[in-house]
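Sharing a structure here in structure tokens format.
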Amino acid sequence: MNLTRRLVAEGLGTALLLAVVVGSGIMAERLSGANVAVALLANALATGAGLVALILMFGPISGAHFNPVVTLSEAWQKNIPMTEVAPYIAIQIIGAFAGVAAADGMFNLPLLFASEHIRTGPAQWWSEFVATFGLIAVIIGCSRSRPGVTPFAVAAYITAAYWFTSSTSFANPAVTLARAATNTFAGIRPSDTPGFILAQLLGAFAATLLFGWIYSTTPKNSTNGGTITSSDLTKKQC
Amino acid sequence: MNLTRRLVAEGLGTALLLAVVVGSGIMAERLSGANVAVALLANALATGAGLVALILMFGPISGAHFNPVVTLSEAWQKNIPMTEVAPYIAIQIIGAFAGVAAADGMFNLPLLFASEHIRTGPAQWWSEFVATFGLIAVIIGCSRSRPGVTPFAVAAYITAAYWFTSSTSFANPAVTLARAATNTFAGIRPSDTPGFILAQLLGAFAATLLFGWIYSTTPKNSTNGGTITSSDLTKKQC
Amino acid sequence: MNLTRRLVAEGLGTALLLAVVVGSGIMAERLSGANVAVALLANALATGAGLVALILMFGPISGAHFNPVVTLSEAWQKNIPMTEVAPYIAIQIIGAFAGVAAADGMFNLPLLFASEHIRTGPAQWWSEFVATFGLIAVIIGCSRSRPGVTPFAVAAYITAAYWFTSSTSFANPAVTLARAATNTFAGIRPSDTPGFILAQLLGAFAATLLFGWIYSTTPKNSTNGGTITSSDLTKKQC
Amino acid sequence: MNLTRRLVAEGLGTALLLAVVVGSGIMAERLSGANVAVALLANALATGAGLVALILMFGPISGAHFNPVVTLSEAWQKNIPMTEVAPYIAIQIIGAFAGVAAADGMFNLPLLFASEHIRTGPAQWWSEFVATFGLIAVIIGCSRSRPGVTPFAVAAYITAAYWFTSSTSFANPAVTLARAATNTFAGIRPSDTPGFILAQLLGAFAATLLFGWIYSTTPKNSTNGGTITSSDLTKKQC
């Protein structure tokens, strides 16, 4: 698969992911009145369901990382070459902002505008550490044993993580940056992004280290991005 | 599989899809009081769950398009012959109206009556473009790599799309026309349908073009309708 | 698999199904205050999730019918011998009442007591016809093409059917009878059961006839009860 | 797979499970205002989704028991050696308390503090018996016929069991002990734990006995922990 095609897939997938996260947040807030639990329920279900579709449709092309810390973790495991890390992360960030703009446009809002949603403090940083640790752990655990289920496992994990963390689990630096550009349900104040991103990097680092050891007896580069083996494209059908 | 049987399957499937969409919308509106978020949550879950069942049960016969733009996209990709496009679309539209009547009948309402639900404007047209683009992208992406998961991916995508678009994602011209014939939760004013349908056609066109390029290295006509390979009927069991 | 073991599985499975339906209905009504939509959402999700587990765990033993019209339809298709129809239906009814008693006991209620929940009239009978037609159609459609997905398709269908029918989709004569014995959320007045059961029988008859024709080119007795092929027990793992 | 690695996986998995259960309970209670049904809906969905991810990611290493009665049942079926029972149960309990502390920390609460949530009486004990009986039955039923679906079946079962039992289905002695250490939505008064644990042991015993008979014609030690066969690690991909 040539790199251009993979970067287009990666950027488009990240854009659609942000459109799902931000768009469903706006819709949920508008319709739910004062009941934030109902809004988060809708937001979590839409995000989880959207992830199933997005990882399945883009996984065979780009690995469907949609997330700089996933790309870094995959590169560390030698599942993608180091030279592709920078272009992957660049296109993820560009796609993420494009997706926020697409969502805001669907709801008649200014395309990009700074969020005022405060998300900070040790409890939320610890949440982001745990959320990202778990995400990377899910990806490594599934991709080294049953890669075909990874899309479902990741989507299920994120659905749960919206609820079990006080930060609602961003777990993704590109998503964090782009969500600073929408003053809606899913937003985050720009000045709060560094704390989130640092916690995400640490969580991803810890998970890659620990799960590299736990799964050390299985072949290292068995998958690309944890969603599908390259042979899946030839043998077809689950 | 002869054409009559496939058209019966396609028409019946589209009818059941509309019964699910419109029926669950009526039930949701009746039970949820003023909380529109709870109503849309029920409507989205019922539609997603219904789609899983309907695509799995009719996919092996007709491809389970239930949607004129899916049929057009499949024909463009040469997955079904051009001569079948017109009968497919005709039976989809007939089935869609029959499904609306079936649902209205289940709730003691006049079988067909014009909707007064206003759905118009650039934000909603952009929503329909994005929604349909994503739907066709999911179908092409999955059917060319892991067709067995397509039913789940499509259902998950539509569940998310109800929430992340301001139009609640019709993404289907036959569905759009038929939903103009019920003045309930899922309805759309007849005069608003052309804008929706045009946006849907453009979204489907863009997705078929782009994903035809992204997935150009995989065999073109590997599936019929993106849900199951013909060999699945002989080899049995996932 | 000997008949005793299969009947124990079928009775126990039906009991657990009723425990899920009735128990989650009681819990939902108690916790949801006046919001019936939230209660039905919980009831539908619990029933759908419960069905996934129950069909997967009992399917390989008894076929996991849990439903007299499924048994009749399977017998008509020659998937189970006629001589087993009566014992299957008998144990399903016994199991259903036991399950209602188990659920009522979990919530400190009298084990069996007549319901006063009125469910009658042409709109609800038409709902039961459609609901049962769809259920049998899902089972035949999936079991003749991809039997491994039937448990998921049936569960998804019932989740949707709780919402798109005005009767909340009983679609099962044994369930209907037993739900007359609990005056809770899921109950039905005993005098309303004949109308429901007649509609269910007609829906099952129509679906078996029509889908027997639609799927007539595939082998007839390819599965037992539509959930798993007998070879699945030997070859293991999806 | 050496024992250390498996114990780390088992402990970490149990910790994450408790983080999901307790964390989502806190978030749900905080956001849902007075509507307990919405809170339990969020709690149940988060737990079910979390279980899908956790069992898929840890199953291939440790069997993903996360539960002393599962370990006891597996040992009785000779799927794991008797000598591993004590270390498994010890690490599950340690992990469970660590998970509660992690969750409380994510929400700025004291890490461990005694619950005052009263959960007692025959109806709740009967609920725990039924809940645990069903859980062990799901595991045995699936792991002896289609082990690849066990993670999904267990998660679906627990989602349903939160709703159909009056105890909200703890079904796990390690979880019960640890939930006594958080005075939040998911808590249980320490003095109420013995009744729950006794009921759980009896339910697990009954299910292992009965399902050992129902599934007696299939090979006994076909899986480790009911989630995956050892050959899955070599043959790869569902």
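A, B, C and D label the chains in the order they appear, each numbered from 1.
Going forward, a residue touches a chain if its C-beta (ideal position, glycine included) is under 8 Å from a C-beta of that chain, and two chains touch if they have at least 3 such contacts.
Bear in mind the structure is a predicted one, so any value in this text is a computation, not a measurement.
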item: Any chain that touches chain D and chain A; value: none
item: Chains in simultaneous contact with chain A and chain C; value: B, D
item: Of all other chains, the one whose Cα centre sits farthest from chain A; value: C
item: Type of chain A:chain B copy interface by residue overlap (half), same or different; value: different
item: Distance between chain centroids, defined by C-alpha means - chain B, chain D (Å); value: 38
item: Euclidean distance of C-alpha centroids - chain B vs chain C, Å; value: 27
item: In chain B, residues with contacts to at least two other chains; value: 35, 38, 41, 45, 148, 232, 238
item: Chain B-touching residues of chain A, taken from the complex the two chains share; value: 1, 5, 8-9, 12, 16, 19-24, 27-28, 31-33, 35, 38-39, 41-43, 45-47, 49-50, 52-53, 56-61, 102-103, 105-108, 148, 151, 155, 228, 232-233, 236-238
item: Parts of chain B lying in touch with chain A, wherever the complex brings them together; value: 34-38, 40-41, 44-45, 48, 121, 123, 126-127, 130, 134, 137-138, 140-142, 144-149, 152-154, 156-157, 159-160, 162-167, 210, 213-215, 217-218, 222, 229, 232, 238
